[in-house]
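What follows are several structures.
In what comes next, chain A is part of two complexes: it sits with chain B in the first one and with chain C in the second one.
So, the complex of A and B:
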């Protein structure tokens, strides 16, 4: 089975192949090309399973498998690679991306039935998947940029899939521009980080070498802070962190399967993945970690609140995604490497499930709005049950996937000896309440109460329900891979660990700060704003966990049960659901109290005014002022300069012309641009077609050469 | 004297093929005459097989007059590859024209036998014979369309200028023999290195270079080229522009870097100036052309100027510079063969049936045949030397040779090379613009390039881009060949 790792490049290659084949021959095939996409993704998925098994069972930390073509066009240490890097993190992402993409492909066959551009849609879907996999498999940052940009391009094309409608074009443009803004950061960051690697390494953009150098302390703090903050900017825009999340809810304009793909597997996770990939670099700077954590915390809480007031089912899920991405960011920012990507993994399944479920509902009632649904559980039992499973997983009901991963994130906050750790724990817990509440709201409004649909709803067909069932099972099961039921040698943590991470530690953590029973963490909590939280149980759990870990080491060791966190999460969940039942149990959306909270509702409905702010202070000034100013400056200033220079030149030329007689210089004034044509015109006459003259010129040439040559001595 | 049959196996294979082709032409009638083309292809493949077998071998026969080393094998592969491509683009052209198919293929193969001999020849006599074996069939081929006045004119000019140049070369050779008492290249080098370089010896060296200058169409020995290319059948023009030119360079390398290497300090500046004049004049003429074939002809004159640049860098006794120069020439020749045969292939496809050959006839080619337009664009961009094509690296290799030992003259050469590349882009891009941006005139018959030609064009297009992305594929071979001597 070892050979599978060497053939990991097939996983991104297959969707690329199918994209090309669908684009070329899709229209000729009975399934209009969709069967090609499903087939290639199915094979890619099976390969991913093999790779995942191979990496999972390997003794941890697994040595990464790396193969690359090197291209050194200029020599001198400037090596560009096209390569693959396979370790647990790659395998985890492969599994997630190929599985979700496969489900989306199958689901879309029915969902997109009868759409114009059906074939184009599938080609794009495959290309989108390929782009993400190219980013995931990248062994160097340049290749990662290529994948990253392709992801952006494909998302643009798919979000604007119904491009006949103006709002959809706007949404696609918005997504493209906002993420492009961040991409500038990625390019700058990659260049900054490559500078110290020139000369120090055979390949300045290689990720493994970069991580190793950073862990060895070979890269200066200034470089790391600047480089990683720039890359983080890109991750903020791609992974929808505040304040650059504004494109994500609008991206709902695309077909629902695309939303599922974007929100679960292929786009928003890219930022999280990239930070995880460069985690050893990021871990070198407390400043970077803190910025990441604070942005994550802000996002996870405030985006969750916005989800409360949405009527559009997909928008609720969109803001929920923003919020969950905040959890992942926050986890990475407080030292929870394993926790962050574990949440990424589980979230991928249940969020894909929820989106596909929402798609099924929308398909049935022809509306995105919950006010048009209600009592759907009777008409659509399969959608109902799977959606409930996805909801409780997202809400973190104990023993579902979301519970285990969110639990890990909160625990990571507890470990972290700095103020951001406490912040992540308490705000994360509060946001868990919000999450449970808005998901309960959605479920009650959609599935209970009276039917408000204008069409008699009907259950979706087999091709749409089957992915829902598969994802529902995984929404429960995927959590156990990172839960304490696995043994200490092979679990999610050891799977995704790399040798660099296993040996690295945080340089800014002093030896005695974390090592002795984690009182440091306790003190921070006790002394923090949430002082009453320094409960004995929290400290006790930390104490147990702290044993056997080196001071400041990055990996937290095997997972364990956190009874206190479990109880808190359960309490929060039950409280939220109970509250939601009280309010929405009758399924009367018009009495929704979240819409009657006065100014707070206004703020939330306006999404804190980010869009308005962006429109008023960025779009309008650029469009009305900067553009006008640029136009003015180009018309008046630049033209003036050009005209002035032109006049000056002409005057000079005229003076020259008058001073030097035209006959003396004979055509030289025609200027450099014309001299070639001029000479060309003159020389043309030499090629007269007269062979005698040719011979004469030839002999003359020989004589000149011979004389010159002989005289040279 | 024992003859090393293995060493000359590729030449023998080609000779037998040529004879079979001639016989087949005699015995076949009508449509069946087309079969000579596949016969020639098979023979070429056999010769390639023999040549590949010789890779990495060091052999010598005919008392050291004929050697096999990596340098020679690389050149032979270049020639045989070009032959394969030219056979591909010839088939339909000659099969439809119905003129002298058998003779054409026989002459083509004979000419290539001469080419195969050239890089192996280490003796002035053999060198001369090989060069004439290349030239004489080419004279005939240029006039193959004998009822066409232009074709006859092409052949006549080619022949007259050719004979004149060769006479001068032979005169130079005889004087060199008089001074050194030997015709072996190594022996000449020895004698020249020891003896005093009298002006007459230098003059005779120059006369020998003139013969090669004719073959590579360097200014002022280039006048025949545009008229001949335009008048002769197009596949013959492709053969003259690429293979025959590469043969001239193969001979020039042998003479310059083996026999007269001790005099390099004297001849290098002269060839350098010739390079500058050649590329500048070639480009300026090309700017004026309305006819695509003439444009390609002048462009190939300019390309010859680029390839001459490394000769201008040579320094006697400075091994590193000379090796870098030879490598640059080799790499450029490989690149040039790929892109220029491709360009001629497209021109043939467009010209077939309609006889269209002016630049304005290429308007809207992108609509009529996107593949051909894309291929032609690739080849032209590559001839101009822009990424992502092999043309970029060909120029880069020359600049790298300049950088080995930086001299004022080397810098001047590099500057002229760069200026000329910019000028050249002007006319290459003009053709590209016409193809993609202008509308096709209505009522044109559909283009039917035919299978063989399409395959050749597509393969060459991929080659152009592949070598552009991975220049190491050819660069590594050029690196292996550090020794032109043998």
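So, the complex of A and C:
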């Protein structure tokens, strides 16, 4: 099975191939190309399962498999690579991306039935998947940028899929421009981080070498802070962190399967993934970690609040995604590497499930608004049950996937010895209440009460329900590989651990400081005695149980039960659902109290004014002033330079023509002819026709020769 | 017998011939001067053969001399014919007046 790791490049290659084939031949096929997409994703998924199995069962931490084509642009000195890097993190992302993408492909076959540009849609889905997989498999930061930009391009094309309507165009432009703003940071960050690597390594953009150098302390603090903050800016825009989250809710303009793909697997997770990939670099700086944590905390809480007042079902889910991405960011910022990507993993499944379920609902009632739904549980039992499973997983109901991963995030905050740790824990817990509340609100408004639909709703067909069922199962099951019930030696943490991470530690953490944080957490949670018992081994470094309680080691040990956190999460969940049931239980959206909170509602409905602010202070000045200036500089300065260069070239050419061509070259040619004529006029007189003169010259010549040879003798 | 006598004779004849070829204006006299030069060479050939390579079987010098005599006869024949034609068409045998082959 080892060969599977070497053939991991097939996983991104297959969707690329299918994208090309669908674009070329899709319209000729009976399924209009959709079957090609499903087939390629199915094969890629099976490969990913093999790769995941191989990496999961490997003794941790697994040595990464790396292959690359090398190109040496200056013929030596350094190389630029195009390659693959397969380790547990890659395998985890492969599994998530290919599975969600496969489900979305199957689902879209029915959902997009009869749409114009059906074939284009599937080509783009496959290309989108390819882009994300290219980013995931990248072994160097340049290749990651390529994948990153392709992801942005595909999301632009798919968000604006219904481009006949102006708002959809605007949404696509907004998504593209906002993420592009962050991409500038990515490029700057990559360049900054590559600078110290140029001397130290033959391939300055290689991620493994960069991680190793950073973990060895070979890269200066200033470089790391500047580079990682720039890269973090890109992650903020791509992963929808405040204040650059504004594109994400608008991205709901795209078809619902695209929303599922964007939110679960291919787009917004890219930022989290990139930070996780560069985690050893990020872990070198407390400043970077704190910025990440604070941005994550702000996002996870305030985005959750906005979700309370949305009527559009997809927008609730969109703000919920923003909030959950905030959890992941916050986890990465407080040392919860495993927790962050574990939440990414489980969130991928239940958020895809929720979006696909929402798509099923929207398909049935032809409206995005919850005020047009109600009592859907009778008409759509499969959608109902799967949606409920997704909702409780998202809300963190105990023993669902979301519970395990979200609690990992909170526990990570508990162990972090700095102020951000407590912030993540308490705000995360408060946001868990908000999450449970708005998901309960959605479920009650949509599935209970009386039907407000203008169409008689109907259950969706098999191709839409089957992905829902698969994802619902995973929304429960995927949590267990990172939970205490699983094996200590092979779990999510050991799967995604890399050798660099296992050996690295936080340089800014003094000995026993993590222990203090741990005890602090324990005091706060005085009620949960078992939580502390389990947490004693949390700091154990992988493979060195018992003795590896090293200060500042990055990886937490095997997961353990935190009964205190479990009880709190359960209490929060029950309180939120009870409150929501009291308010929304009868399913009357017009009595929604979140819409009658005066100025608070206004603030939330206005989404804290980010969009207005952005429109007034960024879009308008850019459009009315910067654009005019840019137009002026383009028309006058740039065109002037171009025209001047053209005129200069033409003048130079005329001068060359007159001087070089007319004078020098023509003069030379004519001069040769004239000199030949001049000389011939004089030399022809030798040919006098006088035989006796010839004879005299001949005799004279002989005499000269005789004299010359005699003298030479 | 010494080589000096025949060689001096031949040199004298050759110089007389050259003088005649270059200086005389009459075409017939030019031809005669050419004959003098040829015969100066003949004297040389025969003298070298007899005095330097006196073996009875060695006759190549003599043979060359005979060749030259034969060729000279032919040459004079052709030359006199040209001169005759020249005189017929131009009524002169002065070589200075015959310069058609000039530039």
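Keep in mind that, in the parts below, the second predicted complex is superposed on the first by the 592 of 713 C-alpha atoms of A that agree within 3 Å, B and C clash if a C-alpha of one lies under 4 Å from a C-alpha of the other, contacts with A are read in each partner's own complex, and residues count from 1 in each chain.
FYI, contacts are C-beta pairs under 8 Å (C-beta built on N, C-alpha and C of every residue); 3 or more make two chains touch, one makes a residue touch a chain.
This one's a predicted model, so the numbers in the text were calculated from it and none came from an experiment.
In the overlay built on the shared chain, the residue A:71 is in contact with chain B alone; chain C does not reach it.
Once the two complexes are overlaid on the shared chain, A:711 sits against chain B while remaining clear of chain C.
By the touch criterion stated above, A:167 is placed in contact with neither chain B nor chain C.
Once the two complexes are laid over each other on the shared chain, residue contacts for A:701 go to chain B alone; chain C is not touched.
More residues of chain A are in touch with B than with the other of chain B and chain C.
By the touch criterion defined above, A:689 lies against chain B and chain C together after alignment on the C-alpha atoms of chain A. By the document's definition of touching, neither partner reaches A:220: not chain B, not chain C. Taken together, the two complexes place residues 684, 687, 689, 691, 695, 699 of chain A in contact with chain B and also with chain C. Residues of chain B touching chain A in their complex: 156-157, 160-161, 164-165, 168, 197-200, 202-203, 205-207, 210, 214, 219-221, 223-224, 226-227, 266-267, 269-270, 274, 281, 283-285, 287-288, 393, 423, 469-471. Within the complex formed with chain C, the chain A residues making contact are 684-685, 687-692, 695-696, 699. Note for the complex: chain C touches chain A at residues 18, 21-23, 30, 95-96, 98-103.
Looking at the complex, you find that chain A touches chain B at residues 71, 73, 676-677, 679-681, 683-684, 687, 689, 691, 694-695, 697-702, 705-706, 708-713.
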